[in-house]
Amino acid sequence: MKEFETVIGLEVHLQFKTETKIFCGCANRFGDEPNTLTCPVCLGLPGSLPVLNRKVLRYAIRVALALNAQINPVVKFDRKNYYYPDLPKGYQISQYDLPIAHDGSIVVSTAGQEKKIGIKRAHLEEDAGKLIHDGANNCSLVDYNRTGTPLMEIVSEPDLRTPQEAYDYLTALKLTLQYLDVSDCDMEKGSLRCDANVSVRQKGAKEFGVKAEIKNLNSFKAVKSALEFEENRHRAMILAGEKIVQETRLWNDEKAATFPMRSKEEAHDYRYFPEPDLVPFSLAPNAVEEVRRDMPEMPHAKLERLLKRYSLVEYDAHILIQDPHIADFFERCAESYKDWKKICNWIIGPVQQEMNSRKCGIGELKLPPQNLIGLIEKVEQGVVSNLVGKDVLIMMLDTGKDAQTIIAEKGLAQVSDTGALEKIVEAILNENQKVVAQIKEGKDSAMGFLVGQAMKKTQGKANPKLLGDIIKRRITDG
Amino acid sequence: MLSKEEVRYIASLSRIDLKDQEIEVFQKTLTAILDYIEKLKKLDVSGIAPTSHVLPLQDVFREDRTRPSLTKVEALRIAPAQAKGSFKVPQVIE
Amino acid sequence: MNLFPLTAHELLDLIKSKAATPQNIFQSLSERTASVEGQVKAFARTRDEKTVLAEIDPAANVPLPITIKDNICIKGEETTCASKILKGFRPPYSATVIEKLRQKGCVVQAQANMDEFAFGSSTENSAYGPTRNPWGLDRVPGGSSGGSAAAVAADEAIWALGSDTGGSIRQPASFCGIVGLKPTYGRVSRYGLIAFASSLDQIGPLTKDVTDCALLMNLIAGHDERDSTSADVPVPDYTKALIKDVKGMKIGIPKEYFIEGMDPEVKQAVDAAVEVLRKAGAVFTEVSLPHTEYAVATYYILATAEASSNLARFDGVQYGLRAQPEKTRKTPLIDLYEETRDKGFGWEAKRRIMLGTYALSSGYYDAYYLRGLKVRTLIKNDFDSVFKEFDAVITPTSPSTAFKIGEKAADPLSMYLSDIYTISANLAGIPAISIPCGFSKEKLPIGLQILGKPFAEETLLRIAYTYEQNTGWHKERTSL
């Protein structure tokens, strides 16, 4: 049995979330009515000319710095020439021999270890329009709203060896990019896209096998599944002595398989040449330094800091940093409440549960940090039980009101008035004399039943600990 | 001399459908021009930097501020074919 | 008094003194057009008279009609580059120069014929048919701004805008006996100029005299934030450069320009022009621009490469012509592209697109395009070193006077070589002006070219003005 090795390289396209497109003042927005966000420039009308959005270059430098990449001191744009209906000018403005950055890396936690994955290059380009296939009418429809959306293409070295490693690389890369706050990184909306190059060779071989390029990967899971499929396909072909052809294949999620592209691919000759309508741009050290000063904290640094500063356990801190906004939220809460472990438990527990069920980020929850702290305090003071506290949270999120208001409005405060509780206990004991007798005979387990009955009477508002104490005393004394 | 096949390939890269007699005409004229251009090979250009831009301009930006877009009607008015608020083309096979 | 033969500055004076109104002027031009346009065919289309009259604001600064080359976008007006592929295309926006002209009160009167996409030196390659030279109707007006030049020479237009990628303003100005200026690259915004070769194209004036040239430059020059290659350099008042004095100015005469192939009548006229300026105090010295002989070859690599890419957008998808393929040869989409481009482009456009595609294609890029960019550096360096010592360089604009219609149509290379004196200025990005400097025995105009340093349009205007005021060739009119 031969031993195989899979070689994977990923190309990630990242849409920047700037106000406007890369070369014109049209709004850079997803989901608008088709062809309502266009102008002569992004429609590529004759005579129109591109002018670079300053922020796009700044975002690109941010990405380059986060990927520990070499930044070219002077960059330029080039034209990549090819014909496609979603490409209005017949060329895409991209970068060829002087990209923003090259030779970077990212540390990926995979299979219980940290592995450094090389970043070959990262360059800027303009996105194309959207082509909608209208099979019923035997035509295709083009929406140019997306045309000119700023894109950064991040090309990894062929350093990935398993589909899981590819998955972990994407996870780590996405987290880094989210921290940079340059993109929504939303694969469903297409603000993060991924193509994969995969080949299989015999372990120890120097040459790469013949690669397949996989497109139409709509989720990280799809990337992993497609790579697994390809890995098996290539191995089987090698074992069967079949010749693998270099080709582009499309992943089909439903059929869980890749298929060769139907359109006959012609030999590509993109005829790159320097874009004469744009001038060169200098990324001199001082310009880069300026961007570096504004760089947010990166995930790894944040993890280290959270562990040290708040003495969190590693598992909890890991969860917090998966979303920079959540980590921020934690820290803002931690400013005014010192039981950091409690805060963390509430966030990674009930709060995240609500984020998931409401399908929103922490920023969209109606929950200012002081409100969460207010709730935690009420629970800790015994005003409400832990369980009721979770219901209070839901009501807080529904209404935006704080814990105190909700507890007061709904009368959820626990009854801790011993006088009132004594009366209730007395009634319960009278109603359940058989049970009281059993307890006296030593059947302690029946205590719970009595507490339950009393809770029922108070509609759950009684302080259960206090209630237990009173019942115990009355039975022993009586 | 450019071969007919080369001319056909260039035409196809250029997305121009040429008839056979057109191919012949272009084969002749393009070859004559390319022969003339050969004279550049006489020059020693080693160590010479290429000039893509004659002006020493650099770092020309626009700020990230929106400007009005065309309306859908304005954008689509120029279209040779449209449907459902979009530019219509023959079916593209993937 | 007929108003149509007058210059813009003369007409502005008449308006000021209330001896004429902008409406009178436009009507005079319309009548002139009605009587001679059938012979000259300078225009791709003229605008409706009522519309133009309605647009005239007599209180404006410069309420004069202007003719615009058909490759400069005017919102809502058909703009086609004289190509079938853009038939019916009405841009939803106007070029920056159009906006600037309109701000000063200029009114677009007509759109001028041209070689398709500015590919040519004769205005024969047009979907609208050839324009004729008003000095000899069997002759070409030059090109590619031949319609603009012929309209001005025939007094159908007071002045006009053209574009110059390799001589397309200067050569027709020379053939038609008028003034044509190609400004420094970056001096006039290219926004809205349908690109031929982006790194070489410039819009510029075609006028009856040097004063009008300065006036029109005042209207169109300046930085434009919509054009990344537009220079943020202050714009002078060009009319202040109209000084009849060249004493002590140092002018070079490049020996490489006075070689075989030049029409002796052209040489004679240029020699005589040099004498006029020498007498006016300029100091002439022979200089060398050693890479001149490589300019045409370099140009036809770089310009066609850029053009092949710039014209890729004309594919029948978004606007303009769309062919309806009858049967499927390759795929429905590729058939649409290929047939649209086959039907829409003329011979010369196809030739240049293919030449440029070849120069950029895999395996040939270094040998052609990259080498071209390097030779461009050498050509630019030639000028840089001459301009260290000299204020200007003087040459003929074209090696010959206007040739006959059809004479070079079958031999593209000989057509390309007729640009030999004008191409270098585009490659080097420097300003150059062509002014009338006499006539051949057949009464065909001859042009004198003056080249200067980047942004030294004032120097060119001053030398040109001095020459013009000492001679008077610009006052000669055609017999139309």
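Per-chain numbering from 1; labels A, B and C assigned in written order.
What we mean here is this: contacts are C-beta pairs under 8 Å (C-beta built on N, C-alpha and C of every residue); 3 or more make two chains touch, one makes a residue touch a chain.
Keep in mind the model is a prediction, meaning the values are calculated, not measured.
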item	value
Contact-richer chain pair [A-C vs A-B]	A-B
Chain at maximum distance from chain A, centres defined as averaged CA atoms	C
Mean-CA-position distance for chain C and chain B (Å)	22
Distance between chain centroids, defined by C-alpha means - chain A, chain C (Å)	56
Whole-Å gap between the CA centroids of chain A and chain B	40
Contacts with two or more other chains, residues of chain B listed in rising order	12-13, 15, 52-53, 55, 57, 60, 62, 70, 75, 78, 87, 89-93
In chain C, residues with contacts to at least two other chains	89, 91-92, 199, 225, 228-229, 308, 312, 315, 317-319, 331, 333-334, 337, 357, 361
For chain A, residues contacting two or more additional chains	39-40, 43, 45, 51-52, 83, 85, 142, 263, 269, 271, 276, 278-279
Chain C - residues contacting chain A, complex	71-73, 79, 81, 86, 89, 91-93, 95, 190-195, 197-199, 225-229, 305-306, 308-309, 311-315, 317-319, 331, 333-334, 337, 357, 360-362, 365, 369
Footprint of chain C on chain A - complex, ascending	39-40, 43-52, 79, 81, 83, 85, 88-91, 142, 263-264, 269, 271-273, 276-279
Footprint of chain C on chain B - complex, ascending	7, 10-18, 22, 25-26, 29-30, 32-34, 36-37, 39-41, 43, 45, 48-55, 57, 60, 62, 70, 74-75, 77-81, 87, 89-93
Sites on chain C touched by chain B in the complex	89-92, 185-186, 199, 225, 228-229, 231, 291, 293-294, 296-298, 300-301, 308, 312, 315-322, 329, 331-339, 341-342, 345, 347, 350-351, 353-355, 357-358, 361, 367-368, 370-378, 380, 412-413, 416, 427-429, 454
Touching residues (chain side chain A, partner chain B) in the complex	18-20, 24-27, 33-40, 43, 45, 51-57, 74, 76, 83-85, 131-135, 137-144, 250, 261-263, 266, 269, 271, 274, 276, 278-282
